[in-house]
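The next block holds one structure in the form of structure tokens; read it before the comments.
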């Protein structure tokens, strides 16, 4: 799980991360029009449910992170969507840190937005399996790097743990890439309007 | 040995402890039979079908498929390959981007190669006369087309038994007629859950009713 | 929470205003993270446990959720004893865990579980709508609060849809294995859920428009922050401050 637990992040990093989260949330909420809330909520709920699915990989398995896909479909609205999902996870499932809500939000949502800025246009045009896979893989790698960085900045004694988490995440990035590619390709065939991006949808051009 | 393909003996099931749905339901399906099952809404007909293929675990009673009692999940794996269940809501069964892929899903699960599965899918769709639906997305099909598509997804696995849960629900007369005609031509033993009396009359070799959680011969 | 532990007959966390509960959880989490000693961490865990009991949480559900959360701590519990410098305790080949490292790992474990318990006790029993209202009244943007409320509403719906699709896959002899067919099928399942969610969202918007929706969602329900809530909150925060002070002293 890409989640940092309470008590491992140093105060300066915690405050900085939370500030970044607040900034991201501010931008995301401003771009979240009231008409888009049901759709964003439904997508957020869908992601939540899918991330609970256990995908067998080798002898163990993983739960998809899907922040790449979330970023593609939601853009900056990924910040509020991720925050809500983390909040629900902490309350509904009793899993997840409270003090680290901000840092975890940044770790998941910032890569989502990055992926949107990098790949959304390309996905709109075609070759969805490829760009989707790149988006999914990039998002997971970026998240793993952010988590590891947060830990590394919090103290030398946390660096081995950071390395461990990085090592655990990078192979999963391959599966996540394939998974995201499949979903992106699927959406491209069945409902390409979703891939057109939130900005275009908001202008009323949904098919 | 009873010679039955599928048998449910004295099955009890409840979704909530206070409201049992099946209270000692028994049913036997033999080769060549088409048994219709009717009963009021909420009588438990869908539940009975789901217990038959091990999707639900009864609190009491036995499921005997192809001569062997089935209790644990792994004992049902081979049953699902040979007993095709058509769900009441086609949307539950269609999830691939195209109909052809949905039809190929079953054979892929049974271990066929992707090429073989594609061929089987094309063949099955052609047999049902819906080859033109192959590349269509299931989201955009009409009720009748979806129903035929789900039938194809199940037939592609070449089952020996078919369990159909309200197959005519939501279909217009033309679609119902087409479906009935297709089913008449199939060799499989069938259990048809249906509210539709003419449909039952046309296809069924005998009719049962689920009353108070038990299966009785339909007196009507 | 601390007030409850001090023996006054409080009706339990459930009686507090949602805003007080959210603020209290935040205060508890921050205080817990500030603790350094094992003893203080134990106190925090005990208090959280008492709170969970008072909130009437079913023990099995609490245990199940705590169990699920342990995995996230594993990298730290495994490495901290060896990476924190200090007096060696034993020798496991080339590795020697230090006493300080073990203490660090232990306090981490205690604190994280204390916060998880507190979260369940304070916010776990909170209705999503009230949580959304609480957040909004505490300063969160309206869009965020509404997103929360809607997401929770749809979670149940989507979970059922997922289960139905998954059951139908099982009926066609699908078994999740570590192979491409499984990954592809699960990916398509996810795609279908998303497509159906988008379609449902359009229908929801159409229905809302038919009922006069013009672009502003109705305000979240009213909450009343009473003097009693303020009193409990202040008392609890005072106790937390005291705990941190004692810990640091």
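Letters A, B and C name the chains as they come in the text, with residue numbers starting at 1 for each one.
Simple rule for what comes next: a residue touches a chain if its C-beta (ideal position, glycine included) is under 8 Å from a C-beta of that chain, and two chains touch if they have at least 3 such contacts.
Owing to the predicted nature of the structure, the values given are computational and were not obtained by experimental measurement.
Does A-B or B-C have more contacting C-beta pairs?
B-C
Can you name the chain that lies farthest from chain C, using the mean of each chain's Cα atoms as its centre?
It is B whose centre lies farthest from that of chain C.
Report the inter-centroid distance (CA atoms only) between chain A and chain C in whole Å.
Roughly 18 Å separates the two chain centres.
Distance between chain A and chain B based on Cα centroids, please, to the nearest Å.
40
Approximately how many whole Å separate the CA-defined centres of chain B and chain C?
Going by mean C-alpha positions, chain B sits 42 Å from chain C.
Spell out, as numbers or ranges, the residues of chain A touching 2 or more other chains.
186, 190-191
Which residues of chain B are in contact with two or more other chains?
97, 139, in rising order.
Out of chain C, which residues touch more than one other chain, so two or more?
In chain C, the residues touching two or more other chains are 188-189, 191-192, 195.
For a test of understanding, state which residues of chain A touch chain B in their complex under the given definition.
Against chain B, the touching part of chain A is residues 185-186, 189-191.
What does chain C use to touch chain B in their complex?
Answer in residue numbers: 164-165, 167-175, 181, 185, 188-189, 191-192, 195-196, 199.
Where on chain B does chain C make contact in their complex?
Spelled out, the residues of chain B in touch with chain C are 50, 53, 55, 77, 80-81, 84-85, 87, 89, 91-93, 95-97, 101, 105-106, 108-110, 139, 153-154, 157.
Chain C touches which residues of chain A in the complex?
Touch list, chain A to chain C: 1, 3, 5-8, 25-26, 29, 32-35, 37-46, 48-50, 53-59, 61, 64, 66, 73, 80-81, 83-85, 87-88, 90-99, 156-161, 164-165, 168, 175, 178-183, 186-187, 190-191, 194, 206.
Tell me, which parts of chain B touch chain A in their complex?
Touch residues, chain B against chain A: 97-98, 137, 139.
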